[in-house]
Amino acid sequence: MARSVRPVAVVSFAQSAMVRREERLNDVEMLQPVIADVFEKVGLTKDDMGFVCSGSCDYLVGAPFSFVGALDAVGAWPPMRESHVEMDGAFAMYEAWTQLQEDDIETALVFSFGRSSMSEIGRVLTLQLDPYYVAPLWPDPVALAALQAQALIDSGRYGEADFAAVAGRSRRDARNNPNAQVSGDPSTEELLGDDYVVAPLRRHALPPITDGATAVILAAGDRARELCERPAWITGMDHRIETHALGARDLTSSPTTRRAAVGAGLLEDGGDGSVAVDVAELHAPFAHQELILRDALGLGDGVAVNPSGGALAANAVMVAGLVRIGEAAGRIMDGTARTALAHATSGPCLQQNLVCALAAEPAGDGRR
Amino acid sequence: MAESEVLRAPHVIEYTYTRSTGPVIGAFLTGLRDGKILGATTPQGRVVVPPTEYDPITSEEVGELVEVGPSGVVTTWSWAQTPQKDQPLERPFAWALVQLDGADTAMLHVVDAAGPEAMSSGMRVTARWRPAAERIGHIKDIECFVAEGSA
Amino acid sequence: MSEPVTMLATPIRIEYEFTAGLAQSRYLKGIAEGRFLGQRCPQCQKVYVPPRGSCPTDGVPTTDEVVLGNTGIVTTYCVVNVPFQGQSIEIPYICAQILLDGANIAFMGLIQEVPTAEIRMGMRVEAVWVDKKDLGPTMASVKYFRPSGEPDAAYETFSEYL
Amino acid sequence: MGQRTAVVGVGQTYHKAKREDVSIAGLVREAAVRALEDAQMDWSDIDAVVIGKAPDMFEGVVMPELYLAPALGAVGKPMIRVHTAGSVGGSTALVAAHLVASGTHERVLTVAFEKQSDSDAMWALSIPQPFSAPLLAGAGGYFAPIIRAYMRRSGAPDHIGILVAVKDRLQALKNPYAHLHIEDISFEMVRDSIMLWDPVRYLETCPSSDGAAAMVLASERVADSASSSHPPAWIHGMAMRSEPTMFAGRDQVNPLAAKDCAADVYRQAGISEPRREIDVAEVYVPFSWYEPMWLESLGFAPEGEGWKLTDSGATALDGGDIPWNCSGGVLSTNPIGASGMLRFLEAALQVRGQAGEHQVQTVRRSLGQAYGGGSQFFAMWVLGADKP
């Protein structure tokens, strides 16, 4: 269903430094340089944008309508065609991408911002849960992810050393990412010396608490070619949600990630095919979730997974998904990859999953 | 401006929400208050616990409510060495998905156990109720689950 | 057996550590000194108060600081006669949009020392501050605005700010 | 505007101050099930779900679409959550419509709701923020000075706001779903109600409601073969516009974003004289004075003369040539997140001939409009009985 008909590409990507706590700047001040940067890279201004869409969450700052003021970082004047989702910026990009499938606009700015440091982030995320049966028990996100990790261990497919290996590789890759928050070169043995936060998850298997902002610019057809030497063409994009009832899911798999990859044109429907891309940026906030996602997509050893360090290196809530798309697109724009997959997730234990397929060439027969 | 000159202040959002339950959630909570656990039957004959007004996969309306448990099987668990604010127990405990006898889905709750070595997937547990006089129609009317035979 | 359960009470408390940011911190430090500090947009030259750090129409940082006067114009107003949670003033009272001299944007302020029947669009007002020793980086430092006694401003001079 | 798109199913809840008989899921399902029944579809027929609501603090559930996915038939499907302040119900419908117009999906369920009685809207909207000025005026205090500015600018007499308040409440008596049914509503009753935010009286403001609205949007192929007993309402134009809350020289009475949004939607629909070419309009009027103000912004009257249309009775269901808010509007029903979608939905009801007692005779084209924030976010659509 969700394959590009009109060719649309990511032509610019910018992000703030991802930090444990942004103490100096308010949301507008944090966003403003990122927006300026994403425009500057392609020599555009806000007046060139056909559509603007953003993603953020009121509860992160504890204020209703917190996205309203953030628009001042763009300067919404003259009035703009503009919308907002209370979701990760990756979903805002999906909205922009669908609207670009219609012919009346050529460009879109997508941005998101989130600071996890201001609130008791674990408790904020608990409020995502069923308000009658689950939230009143106040399970924190680590507790729920740990249930998933234990189920994965029980399945016999992976163990704690595999989780540590994912975390170690993430930190090594993050050394090449100037915006990453957590990097280093720890051995699996060292990491296995970490304390449990909620067993079987040790400290290294958890995402950091991160503040940050990000933005991308999308452009259609020839406009993309004018703006960018190597546009990262979106060849397909899809997202799918699972039931909220954790006890009605198989937590060790991610069928909706696979379904979204089919929707994005990366896999055939049915069968046990594998996604073949040069790079995959997977939004796996917890180490074991990367393993679940790799299996769901059938990623082989030839795929570079999370060369940015992924969400274990920086995980600004509402931002980290769109950063995955930006990082994957960046590899195509800098010529280091021909094809890429980006994934974003939302909700407890990978409840909702988005897959974006990117390539150095537009999809198919160049229709329209 | 130096970082130290930026103003910071605490901020609190606090409210006691009053949630009307509707018939299905209300029946489950009434059951808990009265010391029994109810599940909802889906059109395919599956029993959903805790019950929602709808099948958690197909969204079809559920039918009859049936009593399940109070014992069941741990399908997965995790160990909270450091309990957090508002969580059900103040000493270290296990989070668990428990599939009650007679149910086709598992529910989230906690297990009071001596330590992680006392926990395993597949273990049988049973509900430990709060005293009847303290039960109000809340998921915490079940104080926790405990290993079957240890109650 | 007692009545069925139909209601579930769920107390929720989330604590935050709020950061004012650079622009608002500067503004509040000005308030602590008993003056209003605005910021000018380098592109459109408009002066914003309170400043938010970015020009809402141009999307560029506002960095030039402008010291504004203590007086201004009531551009429009309403008389509040409804109690609500968190309200600290006895009703009825006047709530007005005040355009400070030198600013290009009005903000909401409390008007006192004038009967509600006598307030009008264009009235000149001045800020009344708490005692110097009580000044702090908080909007509570400005007690309210009151008529300054100057002649009213002509409608045409502020109609573009409505 | 992409491919042809139509409304093929609509549903709403009975709106009340407190819907204490349902859970949040029960509330949204009540509207969604009615929309599916109207479209003669099942959960499994739906390709994607788009949901909208105002701030999460109203219910204390963060991103409630995660919890509501299985309640709304979204399992295994795309689900999007929109939040654009008070305009959200309208924006949500438009995001859903674009999913069809872009060729992405063929049948999209869109839902908007608010269960304000889980908390208190006045509390949720006025949570004091550190360092900000203490909130002086509550919700209506923001709009009352703007209304005063309109009165000054247009020279409108004081009774115009009362006329709208009476008219919309009379019309609500013909809408069984409306929250307020004030049987003995009268000019005197509104005039004598307490002046909350002078110049705005109590009965010139909207209530706080629990409620939900839902629609099924479909592609041309699906709409042509739809088995619903009512005809499709085709989208002839749709637009969104935003501008900043505050900026130097901003016209708060007649915001440019409102005018631009109207101009865009009329251009798409080929409308040059809205009053003549549109048969009925559902417009977001939470304070009665916003009717004359939007009559001007939306081009139904020249600037400064909207109140004359209201005064002449032109906007009344009974005898007016351009009836506004036949359902009773936001003044009679206000589940905030759903209020905008109700405008869009009522526009569809009129085109489809489903409005019952508040149906306008022979509707070829209708308008739905929603606004939010500080009169800064706008969403509009024009629907028609004929294919565009």
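We just call them A, B, C and D in the order they show up, numbering each chain from 1.
Here, contacts are C-beta pairs under 8 Å (C-beta built on N, C-alpha and C of every residue); 3 or more make two chains touch, one makes a residue touch a chain.
Here the structure is a predicted model, which means the values were calculated and not measured.
Touching chain A and chain C at once are the following chains: B, D. Path length between chain A and chain B in the chain contact graph, taken as the least number of steps between touching chains: 1.
More C-beta pairs touch across one of A-D and B-C than the other; that pair is A-D. When every chain is reduced to the mean of its CA atoms, the largest separation from chain B belongs to C. Once the centre of each chain is set as its mean CA position, chain C and chain D turn out to be 30 Å apart. In this assembly, the C-alpha centroid of chain B lies 47 Å from the C-alpha centroid of chain C.
Distance from the chain B centre to the chain D centre is 38 Å, each centre being the mean of its Cα atoms.
Among the residues of chain C, those touching two or more other chains are numbered 6-8, 10, 12, 14-22, 24, 28, 55-57, 137.
Contact of a single residue of chain A with at least two other chains is seen at positions 23-24, 59, 62, 69, 71-72, 75-77, 123-124, 127, 131-132, 135-136, 243-245.
Counting partner chains per residue, chain B shows two or more touched chains at residues 1, 6-13, 15, 17-21, 25, 29, 52, 56-57, 138. Because contacts link each chain to all the remaining chains, their graph is best described as complete. Against chain B, the residues of chain D that register as touching in their complex are 18-26, 29, 43-44, 57, 59-60, 70-75, 117-120, 123-124, 127, 129-131. Only residues 23-24, 59, 62, 122-123, 131-134, 136-140, 143-144, 146-151, 154, 196, 198-201, 243-248, 251 of chain A touch chain B when the two sit together in their complex.
Against chain A, the residues of chain C that register as touching in their complex are 8, 10, 12, 14-24, 52-61. Contact residues of chain C toward chain B in the complex are 1-2, 4-22, 24-26, 28-29, 137.
Here chain A touches chain D in the complex through residues 1-2, 5, 52, 57-59, 62-65, 67-69, 71-72, 75-87, 91, 94-95, 98-99, 101-104, 124-125, 127-132, 135, 238-245, 255-256, 259, 346-348, 351-352, going by the rule given at the top.
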